[in-house]
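Once you scroll down, you'll see the structures, which are given as structure tokens.
In the two complexes that follow, chain A is the common piece, with chain B as its partner first and chain C second.
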Partner chain A sequence: MRYLKLLLTFWHVSVAAETEYRSNFVMSALNSMVTLAGAIFTLSLFYQNGHQLGGWPWHDALIVVGLFTILDGFSQTFLTPNRTRVTELVRQGTLDFVLLKPVDTQFWLSFRALSLWGIPNILLGIGITIYAGMHCEPPLHWTAYVIGFIPVILGMILLYSIGFALGTLTIWFTKLFNITMAMQAMLEAGRFPISAYPNAYRVIFTFILPIAFMTTLPAQTMLGRVEWPWFAGSAIFAICSLAFSRWFWGYALRSYTSASS
Partner chain B sequence: MTPPPVYSTNSTATDQPVGQQLVTFLRRVRVFLAVYYALMIEYRGEILLWVFATALPLIMLGLWYQAASDSTFALSPDAMLRYFLAVFFVRQLVVVWVIHEFEWEIVSGRLTPYLLWPLDPAWRYVAAHLSEQLARVPFFLLVMGLVIWMFPEALHDTETGTWWSPKSWQLLLAIPAIYSAWLMRFLIQYTIALGAFWVERVQSFENLAMLPYLFLSGMAAPLDVFPPLAQKIAMWTPFPYMIYFPATLVTGRATNIVQGFAVITAWIVGLFLLNRFIWRRGVKNYSAMGA
Partner chain C sequence: MPIIEAQQLSKSYRVADKQPGIGGTLRHLFRRQYRHIDAVREINLAIEPGEIVGFLGPNGAGKTTTLKMLTGLIHPSAGRATVAGFTPFDRKPAFLRQISLVMGNKQQLIWDLPAIDSLRMNAAVYNVTNHDFKQRIDKLATMLEITDKLNQPVRKLSLGERMKCELLVALLHHPRVLFLDEPTLGLDINAQNTVRQFIRTYTQEHQATVLLTSHYMADITALCERVVVIHKGGLLYDGLLDGIKQRFTPYREICVELEQPVEREQLATYGEIESIDGRRVTLLIEREKLTACTARLLDDLPVVDLSIADPPIEQVIGRLFEEGHTA
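Moving on, here comes the complex of A and B:
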């Protein structure tokens, strides 16, 4: 309860600070729209001469694009602003002040900041997903969206955990502050169904950088094509990675010596 | 970071013989590159991460290779592999980040001492970029080697049924193409960066201007698979000349070479004039932070 109150306060403060830069919001909305248009254009290039990307019909693949856009927006709104802060704190040694606060440090570091820039992406993503779902063969029932929402949440948990664990690495390697940027770039692969990749890529995107669980699996769930072991696997994967990020942070803190000491 | 020492202060000494001037110039170039290369080497770890951060062509390589293997596209699977390897290679050499540096120097007032140098500040950025490229080389060659190891077909030409061999004259032309592509990209970003003399946060303008770069440059898909109209529209923008044009030269499939170089040259000249014009206006307008 105390944490819920804190969370609301954090977000309230962040939003208040953000509204100072209203023109940024217009920029990011424009940004999201052009990026989405580009993604759909690129996707359409794969649907020539009767080819279907990875065996996915056009509207099914469009759902993957929609889910990716939602996830991207989620990441911009909740994860990125905090991630950049962690590396900054470690570099300047101001992490000490956070450690002294009577709050769980991981909680503080993960939820302190909120950025509204991701909202256009979230809205656009939801729009595309619903549009594509209505034009699927057969059109999706509303329950499909509800069921599909569960793996989307699991994907978000997974994304958060990996991002946080990578950010934790900066405790030892201060210069690695680009690491999350590298991860972000690799995540771009999630814009397309995993079956469209060669085998070697599929292995990497399932087990090493689990992009398959973030967009393809939720889309399959919505389309009613998911194999249940994979669904269960995604839940286990998400919970384990969350637990790992928690343990890893505690472990890293033991070797934190603060800057210049 | 302390600025590198200036080795010669008489850059305006026009009374020197031309040969002497050239020697001074070359020495200056050498010193500049050496200093900045040493600086960049310190950031090896980050440069490795940057190579990963620019891995989009390799993701698209997987998609297009698979698609071309399953159905018929304008390029055969092995041509797709070579194309995207070339794209990755070109992409590594045309990376430009001058806007981060410049914006920071303006906002923090660090530009001021550099204005006193007997040398245009642009040269420092050029040197930093060229040295960073050099520091990148081992990393991206390693990644390219890894990809070729994964897909050995990349070196096999299905059209002729033999090993693929580059058309050496096109490969030679690729070098000026890559560097003029880099220069064009650099001038675009540096010109937008000059906006920092008047407004804050110029980076978001640059991001917006460069958005079409991702899908019109040939990074997401070779322009050969674009519908004819989209292809025409793309060729009217500067974007394909930054990636697609040099990449096709590397793989030896380039057509319209003269037109390509003509367009790039026109952009470079135009951007250069615009850049110098804005620079002169900007410096006049500039009142250093804390001065």
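Moving on, here comes the complex of A and C:
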């Protein structure tokens, strides 16, 4: 209950800070709208050229695109702003204040910041997924969306854990602004079904950079095409990644030297 | 029983050295040269509840590193510390609720928002009820004279106002142990006085214990009876502020006003010349030679006025740092 109250306070403060600069607010809103228009245009290209990606029919592949858009929005809203902050906190030595709070530091560093500008992406992603599901052969029942949502959550946990573990490296290397770009580049690969890639890439995107678990597998789950060992593997992968990110953070803190005064 | 205790507390760092020039930069990128620095060396310390202790030392002496070990921010390389009955580095919530760290050169206030938002966030962190929140803010903000500044964005506040807000945020949860690292850094005289008065009142009302570092001796003389001096990571002195003079200044200061100027060479025969300003001369004389020397001065020179005092504490501490005595 205390953490829920804290979470709401964090988000309230984040939103208030973003809206403090009104011109930036307007520019960001404009930027989001342009990005949305670009995404819709890209989607329209999918419809026009008509070929199959890795054996996925259009509407099935569109579900992957929808799930990618949701995950991208989730990343923009919750993950990127916090990951950027961690680097700043370490570099300026103000991580000290976070470490002195009687609150789980990983919770603080993961949820302290929120950016509203990923929300349109989440909404668009949900829209595309529902639309694509309705036009699949056969159309998806509402229960398919509910079941498919479970691996989406697991994908989010996986994406968060990898990002947080990478962000933890800033304790040693201080400046790692590129992590956000690396994470974004990794996520981009999830825009299409994994089977659309050559074999070597499939292995990489499944076992090394586990993109397959973030978009393709949830889409397969919705479409009822998932093999259950993969589903279980996804859950195990997500939980292990989360546990690792937690252990790694604790380990890194022993090396924290704090910026000098 | 001490509320802050350190035994053989030590911290050594590995730092990378970089040579100048392109060659140095390339070597720094591919083959970094490291060296070890002993930032804090086997410090022993015991502070009783309710004490305000000045923690002194020149830049780089290890003050902030010690504070960071005592607050649990960094892990000691050796030795152990106990604060409020806890091992700091375990960072247990029950420990963190009882301490606060204020750093004059770093801020926890949210830059773009009014201080009241940072206060609300801290109230949520420390589970301060709405009733207590209002009451504490009213009281602390009045003491700090910033009641009308809390709703102004932090970036629009002056340095002094920001520092006062930092103190308010840091004390909202009523900590029992305060670590203040240069809380008056860069403040004007009035703001310094307000901050000192605030710290004094807070510690009296809450029986709080304070470990205070400051380069302004006025902070130390106004608040601390006891001081701990460290130099190059090692403990130099731990005792009463007045005791420093007795221990480290075996001399007193004689200020003489002469009828007419006297040659420097002649003045040097009485003691170490501290300063000559026209007809006003300040000499440092060893304590045991004081009586004899004063008599000689009065006999030999055309003295209009003479006064004897201990050298100012700033000067004593400055000499102490320069000479780096070992305790």
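Operating definition for what follows: the second predicted complex is superposed on the first by the 228 of 261 C-alpha atoms of A that agree within 3 Å, B and C clash if a C-alpha of one lies under 4 Å from a C-alpha of the other, contacts with A are read in each partner's own complex, and residues count from 1 in each chain.
In this section, contacts are C-beta pairs under 8 Å (C-beta built on N, C-alpha and C of every residue); 3 or more make two chains touch, one makes a residue touch a chain.
These figures come from a predicted structure and were not determined experimentally.
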What's your read, chain B or chain C touching more residues of chain A? B
With the two complexes superposed on chain A, say which partner A:198 touches: chain B (first), chain C (second), both, or neither. first
In the overlay, answer first, second, both or neither for which of chain B and chain C A:93 touches. second
Regarding the shared-chain residue A:10, is it in contact with chain B (first), chain C (second), both, or neither? second
Answer with first, second, both or neither: which of chain B and chain C does A:186 touch in the superposed model? first
Kindly classify A:256 by the partners it touches after superposition: chain B alone (first), chain C alone (second), both, or neither? second
Applying the document's contact rule, which stretches of chain A touch chain B when the two form their complex? 24, 27, 30-31, 34-35, 38-39, 41-42, 45-46, 48-51, 53-54, 173, 175-179, 181-182, 184-186, 188-189, 192, 196-198, 200-201
Give the list of chain C residues in touch with chain A in this complex. 13, 64, 68, 71-75, 91, 93-94, 96-97, 99-101, 103, 105-108, 110, 112-113, 117, 120-121, 124-127, 153, 181-182
Across the complex, what residues on chain B touch chain A? 43, 45-46, 49-50, 52-56, 59, 62-63, 65-67, 70-73, 150-151, 201, 204, 207-208, 211-212, 214-215, 220-221, 225-226, 230
For chain A, which residues count as touching chain C in their complex? 2, 5-6, 9-10, 13, 16-17, 20-21, 92-94, 96-97, 99-103, 254, 256-258, 260-261
